[in-house]
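Same chain, two partners: subunit A is paired with subunit B first, then with subunit C.
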Partner chain A sequence: MANIAAQRIKREFKEVIKSEEVAKCAIKVELVNDNYTELKGEIAGPPDTPYEGGNFILEIKVPETYPFNPPKVRFITKIWHPNISSVTGAICLDILKDQWAAAMTLRTVLLSLQALLSAAEPDDPQDAVVAKQFKENAEMFHLTACHWTNIYAGGPSVNKDFDDKIKKLVEMGVDEHEARVALSSYNWDMERATEQLFS
Partner chain B sequence: MVDYFQERGFNTVEDADRSREEELERHIMRLMADFNLFDEMGMPNQLAPPASPEIVNNLPEEKIQETNCGKCDICLKEYEKDETVKIIPCKHKFHSECIIAWLTKTNSCPLCRHELPTSDPIYEQYRKEKKRQKEREIDIENLHNSMFS
Partner chain C sequence: MEATLKSLSQDADSDMECSDNDCLDEYDYYNTADDNDIEQIDPSKTDPEYFEYECLTEEQVERLLNETVEILSNNLQITPSLAKVLLHSHGWAVTIIATKYRGNPDHLLISSKVKPSTTPLPVSGCSRYLTCPVCVTPQIIEKFFSLSCLHLFCKDCWTMHFEVQISQGISTAISCMARDCEVLAPEDFVLKHLSRSNMREKYQQYTFQDYVKSHPELRFCPGPNCQVVIRSREPKAKRSICCQCKTIFCFKCGMDYHAPTDCHIIKKWLTKCADDSETANYISAHTKDCPNCHICIEKNGGCNHMQCYNCKYDFCWMCLGDWKAHGSEYYECSRYKENPNIAHESVHVQAREALKKYLHYYERWENHSKSLKLEAHTLEKLKSRINQKVMSGLGTWIDWQYLFTAAGLLAKCRYTLQYTYPYAYYMEVGPRKELFEYQQAQLEAEIENLSWKIERAETTDRGDLENQMDIAEKRRTTLLKDFLDV
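The block that comes next holds the complex of A and B.
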């Protein structure tokens, strides 16, 4: 790894640890390996969003050409959000692509991702199914995103109705996560989800 | 002796031809913008091209006189005495090698996104047209307000 990338990450790492956001438990970074090429990020779900109370883990890969190229970031924690793939965790955010600037840091990236959780951009979606639900059925989107936060990110709101529907499908031999994806994609319509799973 | 026509700001035929060419270019660019051809070329979602090498080579330089006068926002290192920094038109400064590495990739200030000229003619036209479009929107808005307020 080029020297400048590793040196800069070391400096940033100290900056993030000292930042006030860490003190407030809003963001966190950890090293994954000794040569500073891979890190683990963590952001808290922002208040007044379906992600509130959840902790979301991110994979951060630092390219050799950093900071002239953006870090590669994706969600490890599964999340229901228009700009994040519910399958791979890939993120659609301009600053991680063409709007990257060399003065940005791990801290500003994590804060931007937290802002993305507060303000989705459904017109520039990563996950078309989620974006469609977000635009056409806001209430259903909210409930589904809360449920995913509860299951995968340790959020507080338990949805008995959704849990029961998943249980029924699991009893029919369907994988739990697959059942959740199918139900989420069909607005928790049991019939249509079953049809899709068994077709 | 100053020519009668020159004195009154007339152009020679050669210049007139050039401005007609420019006029034509402007119409083509506007047509491209109106039919979303720039969008189709993927212009808005691409990293802007590098700053023109000529501009980069001629950026004013400064020698750091004393330590403790801030840090370079690209490498995050504190400036040290006798290091050379370059100052870009928005007045932001960076280590010479840091800012050159960035500007040979894309044309904007890493801190404030102020854009430097590029040597990519299509991108320059796209940028001009974008600016013109914004001005047009403001003009229309003003016209609307003057009629209905």
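The block that comes next holds the complex of A and C.
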């Protein structure tokens, strides 16, 4: 079985390298080890989304039963998205679960993930806090996602107000990322975030 | 310090373990026409719990399913394998499938995932070799197979695909390996590609389970390691007993029998109870203080009419009120009194009121459930009490047997009473709820009377007790007749 997995990954690796998306710098894969069981993926944040300009690194683990079972994929780069855990990077996407088909490839997975960044599914959330914000306060969600893209994925949009708030909390001795999570979860309300952090 | 009050009623389980053939009918109120001197009446009209069903073995079920498959495959001139896919997706309704097939066969086959939704493109070219898109190995064309969608994959990949799916417990839902293709692999196609015998066995076992689960007239007995399948032509939320392991369950949902509450409500209730168990546990601790002298009392029997051994105060275990008020015709302790001004209260008070309401019903539910769990114990005590009586020359063992019969009936009534609480909890306030709670209170009062009388029976004169049994059972059936809606 492992034989088929390695054979397939080798082939797919070449397919991705040669694909037109790579030429456009939209997707990328790299080998992590020699036995083709783990890869590093990368997708560019799609245009006209809060993720635009960011580069998102993915961990791709290939199971022994690949391609009959889907690869295990998660975001290494921290991201603010309803279907991706802001804590672990776990992804909620049907094709990585029951809608997987053996004829799908790494390329289709990466493109589907990119599509997920353009069109979230808040009714099938992975991160409940983000999904709630997405549905109830779209503007706040957009600003927060832009900010995370800027900080973790190298996105261009700097949010001075958010940075200041985080700085204040850091000065109070809070870890920077924890401060960002708390503020993001409470719509950047300093008082409530502080309350949560120090309770 | 602990004051213990005895109360007796017969073990619910032992009552339920009886079936027609292996146990004396005297405990079995559900399945016997008890009065021989009354002319035969149609039980389906008089007994709200009447339910016709049969227990089948795996072989019998297989035969039954195969007969249905044969009828459909002959009727529509399709392979048995395809007939199975159609039957599985249509709840085994042969006539519905046949009608749909005659109306628009394509539509039926597409919606049942037998055919692809778009017309497949045949493989072009006439090369002798193809590359399998899954294992990316070029192979001779004869090694390729496809479903009706014409997505070709090599034989080894199909085998691997099926084995991986089966090892994950998937059988009837195995589909094609192509992207976004939903066409299902029928049984003959799967079996053709499975050579390992343990895989074939597993596959057949899983498909069998799926078929039974999709068949509205069939239900697996939920008892542990029990292979029996119950069949009823009238699939309703009624009481079924497995003939093998004696498990009692609701035919429709497979959970513990729950009349008069329906399947949906009982599920909601049990989930709620599980979620709130911490709070409720705290409230419904096993002990209560005597409302008169405040001595700590552990309830170790089924009766709710308590008499404090310390101060002789008679009170109700449910509401801790004076029992005298319960003895009269209007027994109210089962009723939850809603605060009429609740709408004007703050959110906080409303939340507290909601918890209070829930706890009111939960406590009563728990109380009766605990009473039933203590039945085995109380039955033992009943036995030893009878022994004592017989030893001291008060009647023979046979003379006292009626007490066991009474205890069996008590357990059955208490069981129904327990399941009236979730029903009442989810009922909307109004005249119907008032009627329900009135009947519930009546039933509860008669159950407590019966329980008290069984415990205190001093003579072999059974007239009074039998009268009480009759009243309690009448109250139970009346409530079920009026409110059991299946």
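Quick notes on this one:
By definition in this document, the second predicted complex is superposed on the first by the 198 of 199 C-alpha atoms of A that agree within 3 Å, B and C clash if a C-alpha of one lies under 4 Å from a C-alpha of the other, contacts with A are read in each partner's own complex, and residues count from 1 in each chain.
Here is the rule we use: contacts are C-beta pairs under 8 Å (C-beta built on N, C-alpha and C of every residue); 3 or more make two chains touch, one makes a residue touch a chain.
Values in this document were obtained by computation on a predicted structure and should not be read as measured data.
With the C-alpha superposition on subunit A as described, subunit C and subunit B clash in the combined arrangement.
With both structures placed on the common chain, the touch criterion links A:E20 to neither subunit B nor subunit C.
By the touch criterion defined above, A:T108 lies against subunit C but remains apart from subunit B after alignment on the C-alpha atoms of chain A.
By the document's definition of touching, neither partner reaches A:D34: not subunit B, not subunit C.
Using the contact criterion defined above for the overlaid structures, shared-chain residue A:D161 touches neither subunit B nor subunit C, since it reaches no partner.
Of the two partner chains placed around the shared chain by superposition, neither subunit B nor subunit C is touched by A:D48. In the superposition on chain A, contact is made by A:R11 with both subunit B and subunit C.
In the superposition on chain A, no contact is made by A:E171 with either subunit B or subunit C. In the superposed model, A:E139 makes contact with neither subunit B nor subunit C. When both complexes are overlaid on chain A, the residue A:D123 reaches neither subunit B nor subunit C. For the superposition on chain A, the stretches of subunit C under consideration are 9-17, 63-71, 99-107 or 135-143; the one running into subunit B is 135-143.
Overlaid on A, the two complexes show subunit B and subunit C touching the same residues of subunit A, namely 4, 7-8, 11, 67-68, 101-104. Taken in their complex, subunit A has these residues touching subunit C: 1, 4, 7-8, 11, 65, 67-69, 101-104, 108.
On subunit A, the positions that touch subunit B within their shared complex are 4, 7-8, 11-12, 15, 67-68, 97-98, 100-105.
Per the touch definition, subunit C reaches subunit A in the complex via residues 133-137, 151, 153, 157, 160-161, 164-165, 175-181. Interface of subunit B with subunit A (complex): residues 45-48, 73-77, 98, 101-102, 105, 108-111, 113.
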